[in-house]
């Protein structure tokens, strides 16, 4: 889960941001594993975007006479209990899983960064109160919080369409749980950067707070945040699969990889291919994100590479 | 007797009772209550000694007070959030005659105003009364927790031990053989450990070791043999996290100045590794222990469902769908309390082991 | 500093232990709780029984245990697949005044598990406790037919002696408010079992724990390891023929998938439910058993909401749904229903119900004024569940292609759905019913104007009167005729509901188990089960 995947982030004290980015890029390029992983992630995202063009069937069309067909022709990865083509469902699943991972990461980043930024910048009593709230949320194990929030979202009719409701509920629940970590990290970074001389210089020149925050502080702490995001995305995708497993996931016919894997788990004895393919693709994607994240972190932190 | 010596005696007692509990559980399939209590006592006594020795009493006191406030806010927020949910605990498929439903609601005070119920709940909480389950009639929530917690606790505890046993050596190995194939292989296997949902790992292990090889039972919780698969499944993730962290930490220490000095002095590689590097690099690893406990808690729901472990996990999910308010509240509080105090203990240990660390 | 890390070698020892232990072969003949395999039947209950208090339990899991540790006045017989009654604690029973006054002659040779004799007043004690408002039992309404029982339960009458139950020697005399031909069926239900009030008073809520619980059935409660297992042990002083198997070991494994793994590895003998999605594969196995159950799956119409306030529209929709297509799609052995009574019930009649006739349905729609103008959307609501959704989608597609009606689906989480049903149901809503007792009254009573389960808003005096009249009759054919007539009003004339199908229960029974009871009421009386 998000908390256990926490990574150690080091701020750079290098004020020449541009040369740092260049150095990092060069270091990253040398890490072949990370680069391949990056290509793989791009490929998955592209698959998700182009799903309607690539998928041989629709994700919801049922072929009742072809239920539980083993992998072969014409269903390359077989069909599920309603005769839906697994390959097509996996391709559309890429779209949903990636959307869940990326959108929630961005939502929690936006909220966490703004919250943490403000808290760290203002400091004092405001910071104390704001961080107290974060501490409280941090004290509830994330899955407990996820379950409570998800059930509440599912119970209210924000949208008429139940499938959309469950998708939006999922995104909101995951972001609500995820922003806490980011808020903490951003606040810590802001506090550190605030001490640096050039920020003090800018302040004494009369530049306003928000401007300093946007122009000078955020570019400086972007590196660590990007690294954190690369780790946040896979853990969100995994969290979604947990929720699906306990029946709080997306509603059919929508199917993320998590939904497919947990459905497959239940049919594993009779139809092992139903769990095999979703797990495999899930595994490769998680691997890619983690390797890429490691690469990024090493690239931003020159001490790690000898 | 000075504190230092006392703490040494306690660590020995702790170690002995710890293994008495673990081995007692494996060999005779149950641990006597007295042993468990003794274990818990020495554990807390040790921590108490740390606290006194380091002059951390005011700090600890402040943290505990803060935790209580946090838990109070969590309890209140959860209480009101639950009442917002549509659907009540006694809405059934076969609709009840209104009078009968009224009797039941009166029995659980659900007919009173919400503020009254809140006050009643908080008052009960202060007395240590968690209320009575709506679903399991006549079963106090305290009892449900008492009956289910040992299995969950055991599962999590063994998984943590396992993860330390695998994670730390793997991390050290990878760092010691930095940039060789051994490093690559151990890191890729560590990343693989976090790359699969728990239930898929469970499926894999059950298929191979239970259904095909028939070495272990595929589920249930009736003895040491039954523990193996769930503990391994739960331990994989924290082990992977620990391995990566240990590796990073060891690498950092190796490149530090004083190790370089030691090398320059001509000390042997092995000696440096075990005497200097290991001790110093394991301290930061402690800092992950808090989140690790949280991760194990979260992971255990799924594992308990997959392996039919009679723990708390299934209650958490079911109590929400049943609208069993007292049980949901109690579980949220329980898990939060565990997490809050695990974090506190980790911080204290950290302060003990790392002399540079200052708590205030 | 060094000392703290000296635990590492000890951990290494532990690791070795971990590795060696699995090689010790497991002794298969011994089970948990010291039971021996060849004398124990192992079943999966799926969940922890919410309570073993038979006055209060409402679920099948609790019933499973209660029906084996206790007996009611009357029991079920399932000879040759027909549901009937057989004597249990009552040796014989009879009625006068058109089924209004009932007398039950009780056995004298019955002993409770603590050696005390069973006395008639204990039956009264149980019924009094069931009806007591302080007990807050959900099944209190089971006895509402007894004179003044309802008033006592609602708190308007405080004197229990005014309730129409009397002990006369070794007989119990029951005076009902009005005639009720099916009254004996109610006495098979666990909520009406006799209760030892002395035990309940002594132990309070914990009287259902092993050691405290006193029962008189074929089995005694030996262990209740909460959230893990229940163990039953043969009652040696049972008044009937003693149970053939020494022990029942009931686990609580929630995931059907996990339970099948245990079954396949020889650690479970009986699975009471199977995962629906996998039936096609599981049906082929030799351990598979199935039985129709007395259940009903239907769509109700909200007759106060457009467009289903129009009888012609309702009728058209009902006639355009091909129920066979639905059961074929579900592929779980369900049987399509045209009438309101499930197939296993003796009063079931295939002649009731509207035929599947698309041409006629189209005509009806035209008649209703929708020949050229578009029909408003119809909303179908159901609680979130894969199967309900599949059914709803199938109906949606059928209505679209056959009648051009646009259907919108709305699903809600279970508790939310129940709330919506009682306040503002959709024009069409899904609901189901499983028999409490195998009598048509249990099903048809649902749709009377007094019933809390009638969410349609439909009221028909003639229907209400027929249902009332039927329960005063003893003669079978006459009753059946009245029920047929009532169903025709409900389904053919007023079309307040569309019955869709009745379900089937699926079990796995290990080869070593003989005589496992499989019946329409899902009653699992384990006395005669033999383990080999």
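Per-chain residue numbering starts at 1, and chain names A, B and C are given in the order in which the chains are listed.
By our rule, a residue touches a chain if its C-beta (ideal position, glycine included) is under 8 Å from a C-beta of that chain, and two chains touch if they have at least 3 such contacts.
Everything quoted here is computed from the prediction, not taken from an experiment.
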Task: Chain nearest the global centroid, as defined over all protein CA atoms shown - done: B
TODO: Count the C-beta pairs in contact for A-C and for B-C, then report the pair with the higher count.
DONE: B-C
TODO: Mind checking the centre-to-centre distance between subunit A and subunit B? Centres are C-alpha means, answer in whole Å.
DONE: 24
- [ ] Quick one: report the Å distance separating subunit A from subunit C, using the average Cα coordinate of each chain.
- [x] 45
Open item on the list: Measuring centre to centre with CA averages, how many angstrom lie between subunit B and subunit C?
Closed with: 40
TODO: Give the residues of subunit C that touch two or more other chains, as numbers and ranges in rising order.
DONE: 255, 261, 264, 413, 416
TODO: Please set out, as single numbers or ranges, the residues of subunit A touching at least two other chains.
DONE: 151, 155, 265, 268
Task: Touching two or more other chains - residues of subunit B - done: 85-87, 305, 321
Task: Of all residues in subunit A, those that touch subunit B in their complex - done: 1, 3-6, 8, 135-136, 139-144, 147-148, 151-152, 155-156, 234, 238, 241-242, 245-248, 258, 261-262, 265, 268, 272, 275, 279, 282-283, 286-287, 290-291, 294, 303-304, 306
- [ ] Using the touch definition up top, name the residues of subunit A that touch subunit C in the complex.
- [x] 64, 67-68, 81-82, 151, 154-155, 160, 162, 251-252, 263, 265-271
Task: subunit B residues within the subunit A interface of the complex - done: 67, 70-71, 73-74, 78, 81, 84-87, 178-179, 187-188, 191-192, 194-200, 203, 207, 237-238, 241, 245, 248, 251-252, 255, 284, 288, 291-292, 294-295, 297-299, 301-302, 305, 316-317, 320-321, 328, 331-332, 335-336, 339-340
- [ ] Spell out the residues on subunit B that touch subunit C in their complex, using ranges where they run on.
- [x] 8, 11, 15, 18-19, 22-23, 26, 85-89, 91-100, 103-104, 106-107, 135-139, 143-144, 147-148, 161, 164-165, 206, 210-211, 214-222, 224-225, 228, 279, 282, 305-308, 310-311, 314-315, 321, 323, 353
Task: In the complex with subunit B, residue positions of subunit C that touch it - done: 1-7, 10-12, 14-15, 17-18, 21-22, 26, 32, 48, 50-51, 53, 56-58, 133-134, 136-138, 140-141, 144, 153-155, 204-206, 208, 225-228, 251-255, 258-259, 261-262, 264-265, 267, 413-419, 422, 432-433, 452-453
